[in-house]
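Mind looking over this structure? Questions follow.
Letters A, B, C and D mark the chains in the order given here, with residues in each chain numbered from 1 onward.
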Amino acid sequence: MTTAAATRPPPTRRDEFSVLRTITTRWMDNDQYGHVNNVVYYSYFDTAVNGYLIEASGCDVRQLPAIGIVAETSCKFIGELTFPDTVYAGLALERLGNSSVIYRIGLFRNQEVEPAAIGRFVHVYVDSATRRPVPIPPQVRAALQTLDEGYAGFGALP
Amino acid sequence: MTTAAATRPPPTRRDEFSVLRTITTRWMDNDQYGHVNNVVYYSYFDTAVNGYLIEASGCDVRQLPAIGIVAETSCKFIGELTFPDTVYAGLALERLGNSSVIYRIGLFRNQEVEPAAIGRFVHVYVDSATRRPVPIPPQVRAALQTLDEGYAGFGALP
Amino acid sequence: MTTAAATRPPPTRRDEFSVLRTITTRWMDNDQYGHVNNVVYYSYFDTAVNGYLIEASGCDVRQLPAIGIVAETSCKFIGELTFPDTVYAGLALERLGNSSVIYRIGLFRNQEVEPAAIGRFVHVYVDSATRRPVPIPPQVRAALQTLDEGYAGFGALP
Amino acid sequence: MTTAAATRPPPTRRDEFSVLRTITTRWMDNDQYGHVNNVVYYSYFDTAVNGYLIEASGCDVRQLPAIGIVAETSCKFIGELTFPDTVYAGLALERLGNSSVIYRIGLFRNQEVEPAAIGRFVHVYVDSATRRPVPIPPQVRAALQTLDEGYAGFGALP
């Protein structure tokens, strides 16, 4: 990781995310204004992060002794999504710590290049029994480092 | 239980249900036609049944060695519901067997007497580990018999 | 339509449905027993039917002067679904009337041949302003007849 | 509004919110870790804000010529919520502008005094047809000023 990398701006456009997850919208995602309700965007975040972790780690992360608990999330709504769009969720690392990880997520409508939303999603790993913070499990960390490499060190902690 | 009881028509109007559970609607329950989406009615069923069982049994039914798995559900949509309505879910027993129970559910909009929907909800009790059918746990059966008494034997199995 | 067609058993296995719609599961579809919650199955039905109609009719059916209102639904839960499964929803016609249509729906887990659930979904077409029953719009009927032909008249009304 | 007011810390504890909205949890709100899924907290925000506006304005805000579009939201998850808890959503104004409003929201579990979550919810008012920003409608502004007075000018814009 280089100093230059640390100053790279965070990914925003579709081609700036190395991982894109595919999510199909649902009829009931639309609210009465005819667009996907703001709440549902967070279910796309949740699904993209956990789906990636399960696939990239090769294990069911829900069964590990340490599980990721969501500590904080946020979203800027930029453009609209509507059923029957397909949503592509771009995943990047904003920070990778000892027991926590911050994802940056971009949601893209069908083949659009500019995001419909940009979000932030913070996972803290806790012991699944005591719920106290513990280091990120090695299987998850390995998956995250793959994600990290795609961005040449973007936002990683020292 | 008497033969007469077995021929009583099933409850339909609000005052024919002895148990009414209160459920608040949510903004996102509405779909783009401006009314509560059909799918959401089933979340009211789910919530009414499980909320009643937890309260009437005095225990967290999710922690018992036998858990209720949903085997079949259905709903007739009669009238509309819309946010910010309050929904009242009437619960009655249609059948109470050894390892399964069938609920009849009426959904009422605010103070209305005629139902917005009538549903059917079938729980089969299974061992929480093996997922094979087992008798209804005694704590749950006791709660159901209270419900049953409210209907003087409506629909109970011989 | 032939008499023979009318006596054909309804489709149940994957290869008995001519139309299969792809739906991605979401992390929050799972309930605390670790499987897709029963309510969510109905969102798959809703999505499969409306997604098919929009695609096969070539128009946004929500903007037509007559819209499909859900009058009744039901589901038998046969096998489990769980995130991150992909769900394939098979669509068939059970009945096609003047102003209503009954779909038979099979949900298939990933590449499985036997259904995880079999459902029924009844749409009644109403005037979007008055909400009174009207004939199925020609664009929708054309899409449904395509579906019908796939089943050689299965279940169609005289 | 006084300068002193502008320096008052934002409300965090239950008794620091003058408006509390009641929301019933649902069985399916729980995810497979046995607690309300992070996504669902945002449906509580959505419901609290819109339910308050409908009630306090005395009109169906969805039918006004200007509607509130969600521009940004965020949430810090502090404590857990679980079905069958009742959630109380405290509402306060963080900022009130010409065409936008920022709410601060606290979610409280049953009778607890410390929040389970603190959120931020930004509405921008747009013309319901053109979707371009317009001033907050007078009926909504009147409702917001009532909310504002409860906080002696907390966070209002100059």
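Basically, contacts are C-beta pairs under 8 Å (C-beta built on N, C-alpha and C of every residue); 3 or more make two chains touch, one makes a residue touch a chain.
As the structure is a prediction and not an experimental result, all values here were calculated from the model.
Visitor: Could you work out which chain's C-alpha centre is the most distant one from the centre of chain A?
Guide: Relative to chain A, the chain with the farthest C-alpha centre is B.
Visitor: Where are there more C-beta contacts: B-D or A-B?
Guide: B-D
Visitor: How many angstrom lie between the CA centroids of chain A and chain D, rounded to a whole number?
Guide: 25
Visitor: Measure off the straight-line distance from the CA centroid of chain B to the CA centroid of chain D, and report it in whole Å.
Guide: The separation of the two C-alpha centroids amounts to 32 Å.
Visitor: So, what's the distance in Å between the C-alpha centres of chain B and chain A?
Guide: Those two chain centres are 37 Å apart.
Visitor: Going by the touch rule set out above, which residues of chain D reach two or more other chains?
Guide: 27-28, 32-34, 37, 39-40, 43, 46, 62
Visitor: Can you name the residues of chain A that touch chain C in the complex?
Guide: 22-28, 34, 43-44, 46-47, 50-51, 54-55, 62, 83-84
Visitor: Could you pull out which chain B residues touch chain C in their complex?
Guide: Those in contact with chain C are residues 32-33, 37-40, 42-43, 46, 62, 67, 69-77, 120.
Visitor: Under the definition above, what is the set of chain A residues touching chain B in their complex?
Guide: Residues 27-28, 30-34, 37, 39-40 of chain A touch chain B in their complex.
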